[in-house]
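Encoded as structure tokens, the structure appears first; notes follow it.
Going by the order they are written in, the chains are A, B, C and D; count residues from 1 in each one.
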Amino acid sequence: MLIRLGFDIQFETVAEVPIVTLLHVHPSRQKDLREPDELRTDPAVEIENYQDSFGNHACRLMAPQGRIRLHNSTLIEDSGNLDDADPNATEIPVNQLPVSVLPYLMNSRYCEVDLLSNTAAELFATAPHGWQRVQAVCRWVHDKITFGYPFSSPVRTALGVYTERVGVCRDFQHLAITFCRALNIPARYATGYLGDIGVPMDGNPMDFSAWFEVYLGNRWWTFDARHNTRRIGRVLIATGRDATDCAITTSFGVARLINFQVISDEVQEEIRATA
Amino acid sequence: MLIRLGFDIQFETVAEVPIVTLLHVHPSRQKDLREPDELRTDPAVEIENYQDSFGNHACRLMAPQGRIRLHNSTLIEDSGNLDDADPNATEIPVNQLPVSVLPYLMNSRYCEVDLLSNTAAELFATAPHGWQRVQAVCRWVHDKITFGYPFSSPVRTALGVYTERVGVCRDFQHLAITFCRALNIPARYATGYLGDIGVPMDGNPMDFSAWFEVYLGNRWWTFDARHNTRRIGRVLIATGRDATDCAITTSFGVARLINFQVISDEVQEEIRATA
Amino acid sequence: MLIRLGFDIQFETVAEVPIVTLLHVHPSRQKDLREPDELRTDPAVEIENYQDSFGNHACRLMAPQGRIRLHNSTLIEDSGNLDDADPNATEIPVNQLPVSVLPYLMNSRYCEVDLLSNTAAELFATAPHGWQRVQAVCRWVHDKITFGYPFSSPVRTALGVYTERVGVCRDFQHLAITFCRALNIPARYATGYLGDIGVPMDGNPMDFSAWFEVYLGNRWWTFDARHNTRRIGRVLIATGRDATDCAITTSFGVARLINFQVISDEVQEEIRATA
Amino acid sequence: MLIRLGFDIQFETVAEVPIVTLLHVHPSRQKDLREPDELRTDPAVEIENYQDSFGNHACRLMAPQGRIRLHNSTLIEDSGNLDDADPNATEIPVNQLPVSVLPYLMNSRYCEVDLLSNTAAELFATAPHGWQRVQAVCRWVHDKITFGYPFSSPVRTALGVYTERVGVCRDFQHLAITFCRALNIPARYATGYLGDIGVPMDGNPMDFSAWFEVYLGNRWWTFDARHNTRRIGRVLIATGRDATDCAITTSFGVARLINFQVISDEVQEEIRATA
């Protein structure tokens, strides 16, 4: 399966503002790209590419005073399969986890593991360990939290999601991540493209999507407490502790977002041939 | 100058508990050690040494059911000088900072940069840039926050420090770090030994101490919003985003602290000779 | 001046739900009514009228399973004058305030006086006392907080307004009230009708409005940190400690709001004659 | 049974500070007093006695610059019975509650009913209604929260108690009150004297105590989530929404507490005869 990926984002600034972006496909998907994946800007500015401390492909640039457009379009090959799943994947005891995985058991800005550890223990005490336990977490979050774009708030943490019971996709993942970590299951935030392949369109404009990854057995697995179902066509951009580490753009100064469009559509081979 | 460092910590558990420690001198001070720096336990357990993602020397071990004692004593050579200072050290624009430094501009569990960015801008709008601005931050925090051990709370964040105006050393640093980051000055949490060399003893039992580091010019500098004065004899153990990353011990299960002693004393050469 | 007041509110419930309303004109404006002010419901249900502990005209009713419409239309005479003002009104020392006023110096759900008292002292240290100080509070809040309906959140407190710097009208008043109380100036929340008489229409659908009252000299005065200007045609419904006490409707169970309309328009005598 | 009640409280101030006290026995216990119940001060200052909006006996005074001592000793007759109990007391539907009771269903500073309503519903869904349900709330809070004087924090709310799982007596009551209100059971905070009659002394200095009251059947009943057991010899001072309304002393300026002693001891008739 081929997926057309793209974005068109525009900011307005009153002064030069440094911006860091996570707008490239994750290095782990580099091999699947069928067109170049390059951040383009209008006006053209110097772009510094680097790998951030979480292994994501980041860029740093200086937005000039006025307007700047960040955009790209690329093509990626995808298995067309649903997210990997293994209902028998087991939890690894903390003392046997790879040390690189340990930070994903800890508190972070949006995931107050300390404040929700008793709640997690109480809610999931009887859930079987391993994959089933993570599934129980996703189900609880999915069933108890009401999704709605008007509920979007950049300052809502996992505790806020737990108490308010509303949110957008990142909120769902933050609460699920926090519960998993509280249960000593490493969990990290993920952001990327997720089109509506295989599911009914929900009528909302495309956006980047958030999901999360959990370390079971000897690898990271994709989970999604927002949808609570396996999906086709996720294209990973970045992983990190929480939304702080995975922001699509981080502006070190005032930059007003004035346009935002994302594309993630399945395309047919023949269309591609003629394109 | 020679400084005797040591600790004696005891936990009681009702079941096996994995524990991660940051109880070794920081790799950057390895060269100054005059005795081995080794974590010892009673009962003896297997200890896995590793470098964590922030470059600290960490250990992982499994505390058995019952009691476990973590202890060590080592000797380190120190310049005997006050913390380095350069009142002319300048701020580096975000677009010119080393990329490895960028994470220290971001939100973290105890440092809600987003929630205090306007306050920081308002409080320090007129402070000169660079070293003087960081100094203004330290002075404000030092003058406005009341220190007291009874005020210790593991859940207090920088915002809590700002609103409650009380705290222990880590609270002072969290607020100062948050203000610095809000001003686009990279700042990170530091923990280590700090005896009372050159200052009056305050009568409280020794503890590990927290301070913070700020990136100015082309290096990290030590600041301390709790004491707001240059000190002699700091021995760094760990740096990280905030107290989450620099906890002396992190237990992944219930472990009750039943003893806690820290030593950091200047010792004379002759005493050492006879020892 | 005559003002046509009205509302049309509809709820949907899955089971009987008790509802308390504050949908009558405040007893202090009773004398100005030119038509009856009566809560009507479809279907008709029994309505218990009472004066709540803050002196407001409240109603209690049982919403049946299904849908219920609460509506009314009434006519009130208004001076057509701007809000009263006396730039020389003085602060009354706490020990001389009427004791009935003292509760309006205290913490309440949305007004954490304790958490913002130092900030208030720092921000308004140099503001002259009395009316000018309250005016300084309103100006600060008005200038620093960005208004926007998408920022509406039922859980945002004064501290949240201070940190997020966004909100709707109730948020502006909560922060201003909190600052006033912290400065030992009694302040209470007010809700009512406020049309666009004398100001440009903002294009948004009419809603009830929030403002606040401050005790200076020997009476309560109207202030409005959202608009920060004297207005014509406020019609008070209720006062209380904060939005908790002044909710237009409080449902003790799940009731989904499915329609909400408010009217507050100046009408001409002749129109009224022919009506 | 006769109980000797008394207190001796001293403040130090750097300037005149108005203080409001709740240091008298509650009007409902006036009839049981066997000695006058009068607030005495050194130096003597003018004291204004009044009934606050919750029906408590309050005083207002101006503490002069320097030191002021507030003290009293009085004698009260008590039934010597355990707290009243009626396991069959029923919940009253919200639409049938006395309207004066409705405020005790609402949010207050330390009791965020909105933030914990889902948690309450989830935790107590299967508990029988009425007295047993309140008892289930008390048991949960008593069992899950760890008591400790070092955990005392003036800013901890019910949500903080729920997340941190530690606290002093007021914290226990705040969480229990919040759960009750969330379940549509009116609950209010109570403060007063509680000696160790009938229970082992805990070795800590006497303090005022907090408990809470719940409206079941047609009256208020005493509950105590801290002790979770019926006690002898409570002497009520004040009730209100939460600790905000029931503070023993509220200072409108800086007043440093430098002495604090409370007495609540059973005394024998013969001792009394010779006294």
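We adopt the following convention: a contact is a pair of C-beta atoms (placed from the backbone, for glycine too) under 8 Å apart; a residue touches a chain by one contact, two chains touch by 3 or more.
Just so we're clear, the structure is a prediction, and the values are computed from it rather than from any experiment.
S.K.: Starting at subunit B, find the fewest moves between touching chains needed to arrive at subunit C.
M.R.: Between subunit B and subunit C, the shortest chain-hopping route counts 1.
S.K.: Give a one-word verdict, same or different, on whether subunit C and subunit D use largely identical residue numbers at their interface, taking over half shared as same.
M.R.: Shared-number fraction above one half, so same.
S.K.: Where centres are the averaged C-alpha coordinates, which chain has the largest centre distance to subunit A?
M.R.: D
S.K.: Take the average of all CA coordinates in subunit A, do the same for subunit C, and state the distance between these two points in whole angstrom.
M.R.: The separation of the two C-alpha centroids amounts to 41 Å.
S.K.: How many angstrom lie between the CA centroids of subunit A and subunit B, rounded to a whole number?
M.R.: Chain centroid spacing, subunit A to subunit B, equals 32 Å.
S.K.: Going by the contact rule already set, what residues in subunit A reach two or more other chains?
M.R.: Where subunit A meets two or more other chains at a single residue, that happens at 112, 115, 155, 163-164.
S.K.: Applying the document's contact rule, which stretches of subunit D touch subunit A when the two form their complex?
M.R.: 112, 115-116, 118-119, 144, 159, 163-165
S.K.: Going by the contact rule set out above, which residues of subunit C touch subunit D in the complex?
M.R.: 18, 20, 48, 50, 52-53, 58, 60-62, 93-95, 99-100, 102-103, 105-109, 112, 114-115, 154-155, 184, 244-245, 250, 252-253
S.K.: Which residues of subunit C touch subunit A in the complex?
M.R.: 150, 153, 155, 160, 163-164
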